[in-house]
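Two complexes are shown next, each including chain A; its partner changes from chain B in the first to chain C in the second.
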Partner chain A sequence: MTPPPGPARRRRRGLVEALNATFKHWSLLPAVLLFALLTAYPVVNLLRMAVSTIEFREGGESWSFTPLHNWSLLLADTALAPVVRNTLVFVAVAVAIEMVAGLALALLIGGLTRGKAVMRTLMIIPILVPPVAIGSMFKLMFNHDFGFFNQILGWVGIAPVSWLGSTKLALLSVIIVDVWHWVPFIFLILFAAVEGLPKEVLEAARVDGATRGQLLRRVTLPLLMPALTVALVFRAILAFKTFDEVYLLTGGGPGTSSELLSLHLYKVFFEQNQLGYGALLSVFTIIGVLSLMVLARWLTRRWALR
Partner chain B sequence: MASVSIRDVDKAYGPTVVMKGIDLEVADGEFVVLVGASGCGKSTLLRMIAGLEPITGGEIAIGGERVNELEPRERDIAMVFQSYALYPHLNVRGNLGFSLALRHVPRAEIDAQCRQTAEVLDLGQLLERFPRQLSGGQRQRVAMGRAIVRQPRVFLFDEPLSNLDAKLRIAMRTEIRALHQRLGATSIYVTHDQVEAMTMADRMVVMNDGRIEQVGAPLDVYDRPATLYVARFIGAPSINVLEGVVEGRAALRTRGGQSLPLPAGAGVESGRELSIGVRPEHVVLCADGALAGTVSVVEHLGHETYVYVDTADGRLCALADRALHLAPGAAVALAPAPEALHLFDCASGRRIDAPHKKVAA
Partner chain C sequence: MIKLSAASRAALLGWLMLGLALVVVVGPFLWIAVASFKQPIAILSGTWSFTPTLDNYADVLLSKRSDFLAGVRNSLIVATASTAIVLVVGTLAAYSLHRFAWARWVTLGFLGWTLAFHMIPVLTLVGPWYLAFKQLGLYDTRLALILTHVSVNLPMAVWLLMSFFKDIPPEIEQAALVDGCHPLSAFWYVVLPLVVPGLIAAGVLAFVFSWNEFSIALNLVSQSNATVPVVVAKFAQDYEIQHGQMAAASILATIPALVLMVFGQRFIVQGLTMGSVK
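Moving on to the complex of A and B:
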């Protein structure tokens, strides 16, 4: 027997309908909660840390609100200026070399008629090697007495140099390792783009009278621009946060000559135990990387519109 | 403007020979159409003329000058691609002026040339647009404009209309022809569409399997196909083909067991195996023709009507009078006009000309 339609039943139906109508929003709730837990909470906590002094006493941590103290630590940090400079030099030089080499390789291998697949597989290997292995490997190769690099120098009659122990060369050595590690990454992104270039457009340009140089400058590079932007931005962001290579090779030394931002952060956090100041530095790093991403988005938008 | 000579050209990919001994002379100002089914080598031949594909043997000359070793850019040719191949990062103006900019032509002159070309092709309003903002027909025009603006010695077209819808294709066909009449530039045009070839060509080159089957004016090729392949390829609906053995002096015993009168003085000996081609317009529907059958399909195209008849030798097509009302299933007979039969050797597929006709030609 069906109950007669009454006000209660109508109200209940209204509720069901409202639930149905808004269900797509409700269904997001678990994801939103997870996101809040995993992303928003740590960020908020970091911001809170950045304005606090945190000390460990009697087996517990004690927080005190001291925004100015962290700020004064920042101003007093004499290592910061060289660290920022090192980081900028590192990002600019390493990424520039990686972009040029990656593009050159992509164009070169893209032009091969056979062996493309083999080359691509070979190129992936450096990406697969764990950073710790890379660090140990290169530490041996940079060794003053029996390292690979000094042996090469010896063959051409140059006295061995201290790759990791000299203030002039330490950052360069780190850059060399970074280039070896990351050129394949750029290569893979650009190789896919090179393979996807419209063949007839390039042929049309050749028929239209383009020399090799003109073809590269006026057709290939403009067509690759979206991929180049993506590769550049990704790589720059990752380079900004480089830690393992420096940590394993030089530990930032000698002095601060090869210390990068991430390593400095590590030291502030875990060697100096200045959690508040470390958090403040982290916030600045995040802002730096974010502005890179905004710039990137703007650039890709501009290219997409053309 | 220049002539194009292709002499004994071969093409091989590794050990695979795809073209052997191609000879073709294209006169200055001529519009030649290369036509054939896909994979017959027509596009490859065009790309070899352009220099985009190296040749394995022989010689290609443009304007009397050997170009075998020249890069595409040194051959002074323009090419219109099937995909149009517009530069996606340049607007219409940039696309039109690209080749001039490469040659460091002064900006003002490039602008003037672009404007002039845009006017010819009705692109004036679109100069600032990018290729992806254009319709297929507009892109096609830009591709044409890019070729025209350079005033090259030779125009090459690689199936430029096959990405357009039927209506636009017919319009562009006429337009390209008109453009050629105005510019008078030597043009080589590749298509798989025999109607395009028939309507556009001064001379057409029918290709098959890496060989040239026949070269000639469209109507000559239609009226006197040199091989069975050409006869089948040119003409729609397709030519009817009957196979059989010559019986006596003037008849063919078909595979289906019917007897077909051959033209007087065909000059084929008894017992020879022949393929006979006869076009639908040369088959008369009548009460007592040589070939008996039943009507299977009637196609009314408005200005003409085709009747398909199932016979002992397969389905044959005849052009019929519109007033003739035939229902599928009706018994009819077909009478091919003896003087309009094309005789081909069964084994080689080559045309067999009657002795007296040879003298006349």
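Moving on to the complex of A and C:
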């Protein structure tokens, strides 16, 4: 290969040197720009929208400054109290079940001598399947007339149940689907932690005569505590965001009996077309989630200090 | 009666749990897969003996009323483009934060902001995105989905790759620099090849998350640019629900996940558990 002629080569070398000299700065720049434009700007815009009424007419949008109007919409929103209650119940119950089941599975599978790899493979499936497909599958399985769940009830002689159509069961059905979807995630995290437990410590405790219960309570669980905390925090955050499955399964119904926060935001923004009030709700949601994050951090710190 | 030792009783219990977990995880797929080969009448009667048919799949894939194949095309374009951008931008940012002496407020600010953004429900931002993209004339374009999917997946990629960069002994890069290698060449020829597993893990996860993403795609594009999840949801939402097509569409939408599970399992597990255990 012949080298490029003089001036061009000098220019190219100058460019390479400039790139090298500023590598530190231009390497971070694209990410910062992307986040500024696509996340920071919308959040700022939310604050502006929250005090406005936005209407679309003839291709353009018109903004008017109406902070009190959005507040009155908030106070008049009868769905809000049930939505907050549903979301808290959903997160608490679903995540609690997922943690216990995930931990039990991780400990059991971790104790096996064979079949670990197969189990792990299986457990990845629900995490990777599109949530919409999961919602659609379970909607069929919850069907009153021919669904899988009522077929099973039929085999043991119980009358069919309206899983998605009754106010008492709708939220429970959504929780069942969520548990199916996310126990594998908890399992994966805790299983990796179980596999990483120091064998010598467990062996020493066993030699010293610890019973299985003592071993679990006094040695294994404390050693798993960091992983348990991470799994719990991660999962709880994700659970607050749940949208796809509940949108498909019940659409929040009947009434508001299974409506969760994200679904309510969707309805206000895109079904009722109230961009201003939706923004106000979003601001409160963001403040709420971030306070939970700070609280979780504080709690884990305290936990670590003890 | 057979007497079992404590050890083999524990083993038996383990195998039972394993069997149960297997049934619980795989069962729904089997039930739906069976339903997807049934005629409507066989589905409605809940019978187990029926003549299998491919009608549902033909309807989903080939019928003029179905947008499934167009959805696959849109999803492939959006997921591929957003994954590529996430990898390039994410790798550079992760390396920059890991390698260079940024002021504390830059590093903490960046990581804190991405963490906070990762935690808030995405539907709080879909409203502002909708307005912004309308103003820019990008509403109902695949570019709008690509950009938003990039911002949603970038935090994951940055954290994942940072933890991979941290695993590289600093001596390797220092040796290259001492030997007269430019910082850029050291990054490209020495460091990057060592984090290929991290790139694969982040890439696979970003692709899957983009392929599965529903709440943004539902609101930022209309029918012609709809992705697979939006099309699948439509089968379940129509006034006259077509149960067979719903089952077939769910199974078809799951195929990419299964393919990736077979080929990229090691990387997916690494990606999903990374950072949480260390």
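Everything below uses one rule, namely that the second predicted complex is superposed on the first by the 264 of 306 C-alpha atoms of A that agree within 3 Å, B and C clash if a C-alpha of one lies under 4 Å from a C-alpha of the other, contacts with A are read in each partner's own complex, and residues count from 1 in each chain.
Here is the rule we use: contacts are C-beta pairs under 8 Å (C-beta built on N, C-alpha and C of every residue); 3 or more make two chains touch, one makes a residue touch a chain.
None of the values given here were measured: they were computed from a predicted structure.
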Simultaneous placement of chain C and chain B on chain A, clash or fit: fit
Contacts of A:230 with chain B and chain C, given as first, second, both or neither: second
Winner by number of chain A residues touched, once chain B and chain C are compared: C
Which of chain B and chain C A:295 touches, first, second, both or neither: neither
Chain B versus chain C as contact partner of A:81, first or second or both or neither: neither
First, second, both or neither for A:105, with chain B first and chain C second: second
First, second, both or neither for A:132, with chain B first and chain C second: second
Minimum C-alpha spacing, chains overlaid - chain B and chain C, in Å: 10
Residues of chain A at both interfaces, chain B in one complex, chain C in the other: none
For the chain A and chain C complex, residues of the former touching the latter: 16, 19-20, 23-24, 27-28, 30-32, 34-35, 38-43, 45-46, 49, 54, 61, 104-105, 108-109, 111-113, 115, 119-133, 135-141, 143, 145-146, 148, 151, 180, 184-185, 188-189, 192-193, 196, 227, 230-231, 234, 237, 240-241, 243-244, 247-248, 261-262, 265-266, 269-270, 275, 278-279, 281-283, 285-286, 289-290, 293
Chain B - residues contacting chain A, complex: 50-52, 71-73, 77-79, 81-83, 85-89, 98-99, 101-103, 130, 146, 150
Residue ranges of chain A touching chain B (in the complex, touch as defined): 198, 200-201, 203-211, 214, 218-219, 222-223, 225, 306
Chain C - residues contacting chain A, complex: 10-11, 13-15, 17-18, 21-22, 24-26, 28-29, 31-32, 35, 43-46, 88-90, 92-93, 95-97, 99-100, 102, 106, 110, 113-132, 134-135, 147-148, 150-151, 154, 158, 182-184, 187, 208, 211-212, 214-215, 218-219, 228-230, 232-233, 235-237, 243, 246-247, 249-251, 253-254, 257-258, 260-261, 265, 268-269, 272-273, 276-277
